[in-house]
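Below you will find the structure I want to go over with you.
Every chain is named by a letter (A, B and C) in the order it is written, and numbering of its residues begins at 1.
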Amino acid sequence: MDRVLNNTELRDEEFLINMGPQHPSTHGVLRLVLKMEGEFIRDLVPHVGYLHRSIEKIAENRTYNQFMPYTDRIDYCASMPSNQAWAVAIEKLAGIEVPEKAEYLRVIMTELNRIASHLIYLGVMSLDLGAVTPFLYTFREREWILDLFEMTCGQRLTYHYIRIGGVSRDIPPEFGKSLKAFVADFRKKLDDYEAILTENPIFLGRTKNVGVLPLDVAKDCGASGPTIRGSNFAWDIRKAEPYSVYPKLNFTIPTGKVGDVWDRYIVRIQEMRQSCNLAEQALDGLPESDVIRAKLPAVLKPPAGEVFSRIEAPRGEMGYYVVSTGDKKPYRVKIRTASYGNLQVLAPISIGWKIGDLVAIFGSLDVILPEVDR
Amino acid sequence: MSTIKETIKGFWNLIVGLVTTAKYLPRPAVTLQYPSERWTMPERSRGVVVLLSDPETGELNCNACLVCMKQCPVSAITVTQAKNEKEERYPATFTIDNTLCCFCGICEEVCNFDSIKLTGKYEFSVFNKADLIYDRDKLQELGRDVKYEKKRKPKPAPRPAAKPSEAATASAEKPESTETDKAPSGEEIP
Amino acid sequence: MLELDKALLAIYAGLKTWFISSGIPVIWLDLLVMIFAGIVLIAVLALTALFLVWWERKISAHIQDRLGPMRTGPHGVLQTLADGLKLLQKEDIIPSKADRKVFFWAPVIAFVAAFMAYIVIPFGKGLMARDLNIGIVYVLAITTFTVISLLMAGWASNNKYALLGGMRSAAQIVSYEVPLTLSVLGAVMLAGTMSLNEIVEAQGPYFWRWYWLPQLLGFAIYFVAATAEVNRTPFDLPEAEQELVAGFNVEYSGMKFAMFFLAEFVNMFTVSAVATTLFLGGWQPPIPGLAFIPSWVWFLSKTLFLVFVLMWFRWTYPRLRVDQLMDFAWKFLLPLAFINIFLTGLGVYIFK
């Protein structure tokens, strides 16, 4: 009897929960192993690699132009910037000069794609938090952007539009009017989304002061993009290491103050407004020209050497490190994607929070698994 | 005091949220009732790849230069060359494996002879994976009604063996193209 | 047809004379009448649940700028029937180590509890199964039955996530019962009786005299607590798939799952019906001039409007986290309910 009574002390045990590869909230195939103590998370280990497609190895067996469709699929939600990252890297390596009209077209397309990517973030994040309707609304806005892309290059998701040396086709005549109409309508729709979410007490209760990302942790983990800008750090490649025609265009970098989930949300909303301005400015500043692509040799053989270049993709910095031996195929391509760095941040900032918060925090990092796994 | 103000502000925002969603109730839907209503594909759509034929003679424009086969990033195109009685080169077999094709459009861009085009067709689901591998006749049939602009030069005159002057004329007429290789002579294709 | 209550009374009187003349004891007639009332109730509620499922899909679709079901019948009216048939023909899976008896009875209890509350709800003038003089207390007691069925479902599934989900659900419902009951007390105080029919009669046929106006706070508290009782967003954490812990009904399939699903919609209708009865004047017309429209039409339209508001909430708001949910009930709604009772008592004392 005594033995039974003595063994009935209460113990706290930590147990492991597997938020498996198939889960509605993990935005792709990501496996999170959580060490829980009751309701609270004590440790978190992400297991990646479920979507690994050996893109970097494939690059060693394709010519520079042939590799461009593969870059579409590294981050299919932001296909234009992914194309541009590769194009900028090879142009830097081979010393190719891009015609001005092509640069302006690139800016229009990447900024529109930034809006489309942030719309996915907005819809999925509110879906994770329980508000289903903004998901449908953001996808309706996205349809207009995708229509614009489809009339230009023929595809709605993997565009293969930005090429080495320029872009593939000029915009059709109806593009300009449709873009202006879209931007005017979109600004009003953004006000709608803000009305549903930004000051909503339930939304604030779930996102304010949740998952605060300190700046040193962000820098150590290699976070970039809106994730680090939410922590009051105005780092944007378009201003820090300008490329394309961004020096000529007028825009600001929105930052958050505290680095919580709400700040990252507000940063992305304001970035969408900035992208609207940028797209309009680029359309207005489009030079009259017929040259949309630089004259390239039939077989592109960049000089031997290596290059690292990066651009501002919607999720953060996307960089390419290319080693060339003077052949028509690269020797080694290393892709530095934004979501890989942003995913590292998840473990430090979710410790001590509950699982319900984990969903909100992970949604705010806007991680896309194909980028992480390549 | 501030909690009361916050409560009232929060309550007001909840009402605003309700009004914002209710605005859409009387509006017509933005969706299409597929398949009774279909989206008209834009002219530049990149869908199923087809082979184009000459509108008058009905023959394939393709002269089996193998550029598209070598430039396809996923190796979806397989072509074998043959020569007909008039010593013209033509594709004996031309297979596109639609299970591999990624609709990037590179084959259409590098073709010098208006032979291959991406159409706006997107409804080609089948029950058997083998039915997705299209051979030359099926590709030609799919391309019969496709309108295209003749942008490139016509097929070269057949080269009888060892006539260097004619070969020089053929390659000199090659138009300025920005991303193709040195077709049609069939050399230097990466 | 329009004067349903008089027609029913006439039929009853006629049958009674026939029974007496044939020598059969009248008690058999009363038994027949009770069975008849039960059947009619179940039929009406089943049809209502069918309608509500379709209506939810259409409302959610139109809020989201799309069309909803359009193919099964004109504008998709037969969709619920199709869903029901689909669930009927699904395999009935029982987990291997589950407690079979408890697993079987959980959805039955949920379903039965959902229906039992309608015995005292006045659908129209004279259209009630039974006018109990403790009407509202009976309804509140019956809605507590759902807690038992949730706990049974969570326990019997032999799944630790279902158990956690069931316990969370039960904790949520029990916590929100308290402000619900207290907010109802305000209307009871104003009417002076607990019988639902008499509360409706006491409200009178003028819409400014219905209890939503003097009891604005009580109505608001009741409605929010009712949303939590039926597990609807923003309080639907137990049902959410995006959170890790699955709901209590994760192991259920086929007809058992259909029973839980239908019970949820019937519960929605119950809380709206009670709100209509207590605060919106039940079957009373808003002005006496409109009394030619039958009373049950008024009742149905008011209840359906409240159900629409519940659905509107679901498709607009994100959901609360479970600890925020509990905080909201105990630290916000409960003090407000007490304030409401205090003010109502003061008002009744001063003005009567």
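Observations on the structure shown:
Rule of thumb we're sticking to: contacts are C-beta pairs under 8 Å (C-beta built on N, C-alpha and C of every residue); 3 or more make two chains touch, one makes a residue touch a chain.
The structure presented is a predicted model; accordingly, all values stated were derived computationally and were not measured.
Seen from the C-alpha centroid of subunit A, the farthest chain centroid is that of C.
Geometrically, the chain at the heart of the complex, using CA-atom means, is A.
When the C-beta pairs in contact are tallied for A-C and for B-C, the bigger tally goes to A-C.
Rounded to whole angstrom units, the spacing between the C-alpha centres of subunit A and subunit B is 28.
Averaged Cα coordinates give subunit A a centre that lies 46 Å from the centre of subunit C. A straight line joining the Cα centres of subunit B and subunit C is 58 Å long. Under the contact definition stated at the top, the residues of subunit C that touch 2 or more other chains are 63-66, 315-317.
For subunit A, residues that reach two or more other chains under the stated contact definition are 133, 140, 196, 200.
Listed for subunit B are residues 14, 17, 20-21, 30, each touching two or more other chains. Residues of subunit A that touch subunit B in their complex: 62-63, 65-70, 72, 133, 140, 143, 150-155, 158, 160, 163, 168-169, 172, 192, 195-196, 199-201, 204, 293, 295-296, 298-299, 328. Interface residues of subunit B, counted against subunit C in their complex, comprise 14, 17-18, 20-22, 24-25, 27, 29-31, 33. In the complex of the two chains, the subunit B residues touching subunit A come out as 9-11, 13-14, 16-17, 20-21, 30, 42, 44-46, 71-74, 102-106, 109, 118, 178-182, 188, 190.
Taken together, the subunit C residues at the contact with subunit B in this complex read 59, 61-67, 70, 312-313, 315-317.
Subunit C makes touch with subunit A in their complex at residues 60, 63-66, 233-234, 236-237, 240-245, 315-324.
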